[in-house]
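Here it is, the structure, as C-alpha cells.
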Amino acid sequence: MTVLTASISQTIKERFTRIRTQTEKICSPLEPEDTVVQPMVDVSPPKWHMAHTTWFFEQFVLSTYLKDYRVFHPNYAFLFNSYYNSVGNRVQRAERSTLTRPPLRDVYAYRKYVNEHMEQLLQTIGEEQLEKLMPVLELGLQHEQQHQELLLTDIKYILSTNPLLPAYSQLTEVPSSQNPGKPVFLEVPGGVYRIGFQGEGFCFDNELGVHEVLLSDFSIMNRLVTNAEYLEFMQDGAYSDFRFWLDEGLAMVRSANLKAPLYWLEQEGEWYQYTLHGLRKIDPHKPVSHISFYEAQAYAAWSGKRLLTEFEWEAAAQVYPPATGNFQESGVYEPMAAPNGKGMQQLYGDAWEWTYSAYHPYPGFSTAAGALGEYNGKFMINQMVLRGGSCATPENHIRTSYRNFFHPDKRWQFTGIRLAQ
Amino acid sequence: MTVLTASISQTIKERFTRIRTQTEKICSPLEPEDTVVQPMVDVSPPKWHMAHTTWFFEQFVLSTYLKDYRVFHPNYAFLFNSYYNSVGNRVQRAERSTLTRPPLRDVYAYRKYVNEHMEQLLQTIGEEQLEKLMPVLELGLQHEQQHQELLLTDIKYILSTNPLLPAYSQLTEVPSSQNPGKPVFLEVPGGVYRIGFQGEGFCFDNELGVHEVLLSDFSIMNRLVTNAEYLEFMQDGAYSDFRFWLDEGLAMVRSANLKAPLYWLEQEGEWYQYTLHGLRKIDPHKPVSHISFYEAQAYAAWSGKRLLTEFEWEAAAQVYPPATGNFQESGVYEPMAAPNGKGMQQLYGDAWEWTYSAYHPYPGFSTAAGALGEYNGKFMINQMVLRGGSCATPENHIRTSYRNFFHPDKRWQFTGIRLAQ
Amino acid sequence: MTVLTASISQTIKERFTRIRTQTEKICSPLEPEDTVVQPMVDVSPPKWHMAHTTWFFEQFVLSTYLKDYRVFHPNYAFLFNSYYNSVGNRVQRAERSTLTRPPLRDVYAYRKYVNEHMEQLLQTIGEEQLEKLMPVLELGLQHEQQHQELLLTDIKYILSTNPLLPAYSQLTEVPSSQNPGKPVFLEVPGGVYRIGFQGEGFCFDNELGVHEVLLSDFSIMNRLVTNAEYLEFMQDGAYSDFRFWLDEGLAMVRSANLKAPLYWLEQEGEWYQYTLHGLRKIDPHKPVSHISFYEAQAYAAWSGKRLLTEFEWEAAAQVYPPATGNFQESGVYEPMAAPNGKGMQQLYGDAWEWTYSAYHPYPGFSTAAGALGEYNGKFMINQMVLRGGSCATPENHIRTSYRNFFHPDKRWQFTGIRLAQ
Amino acid sequence: MTVLTASISQTIKERFTRIRTQTEKICSPLEPEDTVVQPMVDVSPPKWHMAHTTWFFEQFVLSTYLKDYRVFHPNYAFLFNSYYNSVGNRVQRAERSTLTRPPLRDVYAYRKYVNEHMEQLLQTIGEEQLEKLMPVLELGLQHEQQHQELLLTDIKYILSTNPLLPAYSQLTEVPSSQNPGKPVFLEVPGGVYRIGFQGEGFCFDNELGVHEVLLSDFSIMNRLVTNAEYLEFMQDGAYSDFRFWLDEGLAMVRSANLKAPLYWLEQEGEWYQYTLHGLRKIDPHKPVSHISFYEAQAYAAWSGKRLLTEFEWEAAAQVYPPATGNFQESGVYEPMAAPNGKGMQQLYGDAWEWTYSAYHPYPGFSTAAGALGEYNGKFMINQMVLRGGSCATPENHIRTSYRNFFHPDKRWQFTGIRLAQ
C-alpha cells in the first residue's frame, strides 16, 4: 500500500465518518417512539432508515470485501433490506412499523459495529481492492445522503400527524425574509443540448446515457413561485376550477378535499404551516412547497404559463451560472426567500422543481448486473422528474444532471414550482 | 372523619396502589417503541392504555372531588379520552399510533402525578364525599383491570407481528401439563333462574336488570375444549367444510385463508403457537384459545354439540361450585390444562367462553346519566357475550354475572370453547 | 289415485299457478335492461330472481320426482343457484349482473318449461309420492313468495338509482290518508308465553323449536311510528346527537352522512320520497319505512321508549286480535296510514318491525339434512329479527311466528318502527 | 348555395350516414341486457356509447347550427355527457349502469331523431356556415369512430364476464393463418425527424405542435410479437421472475395473480382465448394482444430488447412504406398473422403497439377554447402512448401521427408488442 493510497483512504474514511455521523445527528432530537411508526406507506420509520443504510454497507461492502466478516445479526438482512429482490426476502414496505424490536439502542450498536468494521476495512484494504470497492462505497454514501433527506421529510410527516404538532428543532434565530420582487423570465436559446452526466466523479445510473436533445427557444422564471403567489391562486378559487386541472389531479383534489398545500392550516382566517421548527405563519416571500405535481401543473395553467421539461431545466442550468439556495447543512429545514434581483436564483436547494417529464430511461440506459441493478431502473414508470434539490438535500449531493422522481400525487417532499413560457 | 373511615380509606388507598402498580408491572418489559404502535385498529398502544386509565381518574375523580386540582397537561384529555362523546373531542381510535409524543417517561410522570393527587384526595376527603366518590373510584379501578387484560392481549398482538417473534417474558419454570381426560357432560336442571348481578359490591351496568329466565334441561361440558381436540377438527378438514359454518364465518375463513387459531404456525409438519413466553410447541392438553366465535360455533357443529347461551352458562355457574383455573396473577399468560377428573373445571380463568348470545341489554337496562352512561350500553349490537374470564383476567375482577363481549370474528383475546348438549 | 287426491292436486296446481303467475305480473312493467343490473350486492337482478325461483323447482322437485325429466339447460344450475353449497358451484352473489345472457325471453321460456313439467308432475303423481313431495313443493311456493317481496324491494332500489327516477307503476287513484291520532300503549301482561310455530300447515325451520319464555309486564304501541313523528326526530337534530345512537349506528350515520330514511329527498325545503309509484311528497300520516335498525333504535331512545324483543312482539300478537294493514295484493306498494283509533293496528303488513332480538336459533333448532338444511340456519348471526310483514309481503305468506331478519344497517326493505315501554 | 357545395354536402351526408350506421351495425347482435351493464369502470355500457355519440352531435352541432332545434329529451345531456365539465353536471362514469332507462328502443329513436335533423341541417346549411361547422362535424365523426372501437372492446369485456362465454358473432369462415417466420430488425437511421400531424385534413389536438426530435440510429422489428413467442416468455417462468419487471408491474402481476394475457384460459394443459367469435385455441402465428404495458415491457426485457418510443415509431413509419394489417372493416375482430417475409408488416391495424413514451403534450400544445378543449389535454398524465391502430379500428381512422393512450395496467384493448434494439 503506497502513501498516496493511505491518504486517499484517509480522505474516504473522513468522508465516511462525516456522512454517517450526520445521519445520527438528524435523528438525535427524536424520541424512541418517533423512530418506529409509519403513518403512511411512503414514510419509513427513522429507526428503519438508520438500520437500512447500515445494512447497505454490510451487505454490499463488508460481506464481500472484509475477510472473515460476521454480520451483526443474522436476521437484520431480512429486516432492513428495502427492495432488492436479488438479495432475498424482506419485511414488506407497509409493515416496517412492526419492527418495535430491535430497540433503538440496538440499531445504534449496529451502526457502531458496521462503522468500526468499515474503518478496519479502509485501514487494511489493498490498492487494487480499494479500486474495485470505491464505486460501491461511494454509492453507499450517496445512498445514505438520499436517506438523510428522506429522514427529514419522513420525520416531518410523522410529527405532523401528532395532535400536539411538536417541533423537531427550535431555531434560535429566525432568518429574516426579504421580498424577492416580481418574477423575471430569462431566455434560453433553442438548439441541441447534451443531457446526462458528463463530469467526473459519481452519478447515479439514471443520469447515464448521455444524449443530445433538440430544444426550441424558451424562457424560464428566475426563481421559485412564492407562497404569496400561490395564495393568489388559492384565493382565486383555482382549487375548485376544473379548467386548470388534469383530470386525475382534479379527482385527487376533490376526493381528498384539498384546498391548500400539505401542512397548511387555516386558523381564524390566517394561514399557518407546520414546519420542522413548529407551526409558523405563512411567510409570503418564501417558495411554496409540499405541493403535488397536479397542483404545480394547475398553478402553471392558471398563470398562463407552463412547467419546464427536465431537458429544458438541464439546458437552463448549463446556460446560467449555478444559483444555490438553502440546503440541509444550514439546519433551517425550510425553503428560504430568494434575494431580490433579476438574476437566476434557487436553481439548487430550497425546493425540488416538478418538471413535466416522465421518469423514463435515457436512450441507452441499462441496469447494472446484480442486486445494485435494482437501484433505479425498476421505478421508471408513473413518476415525474424533479430537479435541483431542496432545503433537505446535502449541498454536495446535488448536481445539474441529478434526477429525482415521485408520483404526481405526492406532497410530503419539499416540492415547489418554477415556470416556463 | 371517623377512625372507621380512615381505615376504609386506608384499604382503598392500598387497593388503588396495588392495581395501579400492577399496570406498570405489566408494561415494565416493554421497549418504548413497543408502547406506541397499533398494528390493527382493535389494538391500542400500551402507552395509550397507561395514559388513558390515568386520565379516567383525572377526569372523573380528581377534577370533581379534589379542590383546586390542576390537570397535568391541558391536551391530555384530548389525547387519552377513549370514546366518551360527552367529554369532548378526542384522537380517533384508529389514530392512536400518532401519539409518539408525549414520550413514555412523560406518561409515567402523568401516572405518578395523578397517583399522588389521588392519595392526597383519599387522605383528606370527608366521609360524605367519600360515599359519593366510591362508585366512580371503584369503576376506575375495575376499568383499569379491564385495561390490564387488554394490555396483555394487545402486547401479544404487537409482538407477534414482529418478524423476530420476541418473547414478552421468560418462564423460569415451564408448568407441567397433565391429560385432563375425556370430557364429561354435567347436567343442569331446567327451570326459572335469576340472571344478573345479585350480590354485594361492584358490578358493571350491563349486569343490572336482574330478571328471570326459563331454561330447559341441558348438560354442559366439564372443561374447555383442548388443543388436541381442536386439532382433530382441523385434521378432519373442517376449516374447508361448509356444512359446519355460519355463512359469514365461512366467508371470513375463506377470504383470510384461515386454517388454524390465531398465533398458530406450522413448521415442518409440527404446530407451534406464539405465546407471551415465546414460540412454543402446541400442548395437546391445554385449552384451545384465540379462536373466533365462528370457529367455536363450527367446532360445536362438527362435534354434534352446540354452544351455551349466556343464561345457561350463568345457571350452570349457580348450580356448580366455583371452579377456577389460571389467572393473570400467576404470571403464566396461557390457559393451563384442566386437572384430570369428572368435576366441573375452568369455569373461571384460562379462556373466555364464547356463548351463542348476542350482547344486548337486559330487560330494564338503562344507561347512567352523564359520560359514564356511555360505558357499556352503546356497544350492545353485533357482539357476542363471553363468560368466565381468562388467564389474562385478574382473579378478583371476574364474577358469575360478568359479561364480556366481542364481535364474532375477533381472535386476539384469550377466547375458547365449552360445549353444551 | 283417489278422487280426493285429484282434488287436492287440483288445489295445489291452482295455487302453484297463482303464485308463479304473480311473479311474472310483478316483472311485467320492467324493461329487459331493468332485469339485469345489480346496483348493490344485496340487490339481485329481477331476471335472476325469476330464474332462481324456477331453478328451485327444477332442482328440488322435478329432478327427483318427475321420471325422465331433462333440465332445461345444463348450465342453469350453475347460473341460478343462490347459496346452496351442497348443490355445487355457482355464480357468486356479487356477480349476478354478469348474466346479460340468457336474455329475458329465455328466462320466460325456462319458467314456462318448468311450469308445464310441474303441471305434468302434479297430474300424474301418486298419492304416496305426493305426500313426500308436498313439503318441498310448499317450500318452493313460500320461497317464491319471499322472492316476490325481494323483487319489489330490489326493483325499487334499481329504479331509484336511475337519475330519471322512473315510476314502476302508476296509481290511478291515490288512496286518501287519514290522521291516525296519538299513539296509545296497550298492555301485555307478564308470564310464560309459548313461542314458535304451533299451528297446522307450513312454517320455516327457523320458527321451530317451540319453547316457553318468561316475560315481564310491558306495553306496546298500538300502531307504527308515522312519518310526521319521525320528522320531529330529524328536526330535533337527532341524527347528529350521539346520545341516542348505538356506537356502530353513529359511525354508519356519520360515514354515510345520513340525515333521513332511504329514498327521502329534500327539494326546496320540502321532503319527498321515491316510491314505486314515483316521487311523492312525504305523507305525514303514513308509517315511516326504509330505516335501519340503528335508526329505529335511535328513534326509540330519543322518544324515551324502547324497541320490542321478538318474544314480546309474538306475545302481543297472541294477546291482541290480528290487526292487518296493507299487503302486496293491493298493488299499492307503500305502507298506508293506520285508521284513527285506540285499538291495535298494523301488526301485519305495511312495514316490517325491527325488534331488539338477534336472529339466533331457538332452543332445539336443528337444520334439515341435505341442501335444504342450508335454508336458514347458516344466517343466524349478525342479523336482527323483524316481525309482521310489509306492504310488499303477500298476505297469506305472513303469520304470528314468522321471523324475518336483516343486518342492522340495511334500509332497502320496507322496515319501520313500533315502540314498547 | 352553389352546386359545388351541394356535392360536398352530399359527400358529407353520405359519410355521416355510413359512420352512424356502422355504430348500429356493431350493436345489432346485442341483447338489450348486454347494452346496460358495466362490469368494470373502464367499460361503458353499449347503450351509453350509442346515446353519447349522438348527444355529441346534438350538443356541439344541432344546438348551435340548426335553427329552432329542440333537444330530443331535456335530461339526455345530463345522462350522456361523458366528461365535459364545461357543459354541466353529468352521471358519473362509474354509474353508467344505473341507466336501465331510457330503454334501448328510446336510444335508437334518439339516434334516428338526431340523424334526421343532421340531414336536414346538411341539406339547408349555407356555405359559410358549413365552413364553420365542418371541424366540429368532422370531430363528431372521428369521435364516433373512436367509440366504435371502444364498443367492440367493451362488448368483448362484457360478454367475457358471462359464465357462458357467448360469442358476439360467428365467423362463417375461419381465416387460415400462416407462420410469419423469424422476426427481422429493420434499420432506421438517426437524425432529426419532424413529429406530429403535417398533412391535410383532420387530426386530433394532441397531434399538433409539430416539432423536431433528434434520434440516434435504431432498428425496429418488422412485425408484432406472436402468441408463440409470448408463450415462450410465459413458459420460461417470466411472470414470476422479478428481474424483467418494473416494480409496479410486478406488484400488479402478483396481486392479481396474472399468468397470461387477458382472456387466456388454460384447460387441460391447452391455452384458449376468449374472442368476439367465441372461445378458440390460441393461434401461435397471430400477434399477442390484450397485454398491459407492464407485460410488454417485461417481454422486451426478457428478450434482451426494448420497446420503441413514440418518436421512433413515427420516424420508422415515415421511413418505411405503410404496412397495413387487419382492421374493423373485415369483421374479423382479432389480430391476424403477418405474412411470411422480411419486410415491414402490421404498422397499422391488428394491435396497438405500446411505446415507452408518456402521453404528454407536444411542445406548443394548447387546448382549444370551450368545451371541446377538454377533449384530450386533461388526460396527459399517467398514461402511455400507443401507436398504429388495431383490428377494432376503422381503417380510415388511423394515421402516422395518431396517438392513442392508456394507463400502463390496462389490458382490455387490443394491445400488442413491437420491439426495438
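As written, the chain order gives the labels A, B, C and D, with residue 1 at the start of each chain.
Convention: contacts are C-beta pairs under 8 Å (C-beta built on N, C-alpha and C of every residue); 3 or more make two chains touch, one makes a residue touch a chain.
Being a predicted model, the structure only gives us computed values, none of them experimental.
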Starting at chain B, fewest touch steps before arriving at chain D: 2
Residue-number overlap at the chain C/chain D interface, same or different (half cut): same
Turn needed to bring chain B onto chain C - CA fit, degrees, nearest 5: 180
Mean-CA-position distance for chain D and chain A (Å): 39
Mean-CA-position distance for chain D and chain C (Å): 47
Chain A-chain C separation of Cα centroids, rounded to whole Å: 60
Two or more partner chains touched - positions in chain C: none
Interfacial residue positions of chain B with respect to chain A in the complex: 31-37, 39, 47, 75, 78-79, 91, 95, 97-104, 158-159, 161-164, 166
Chain C to chain B touching residues, read off their complex: 83, 85-86, 192, 211-214, 216, 242-243, 245-250, 293-294, 297, 356-358, 360-361, 363-364, 378-382, 408
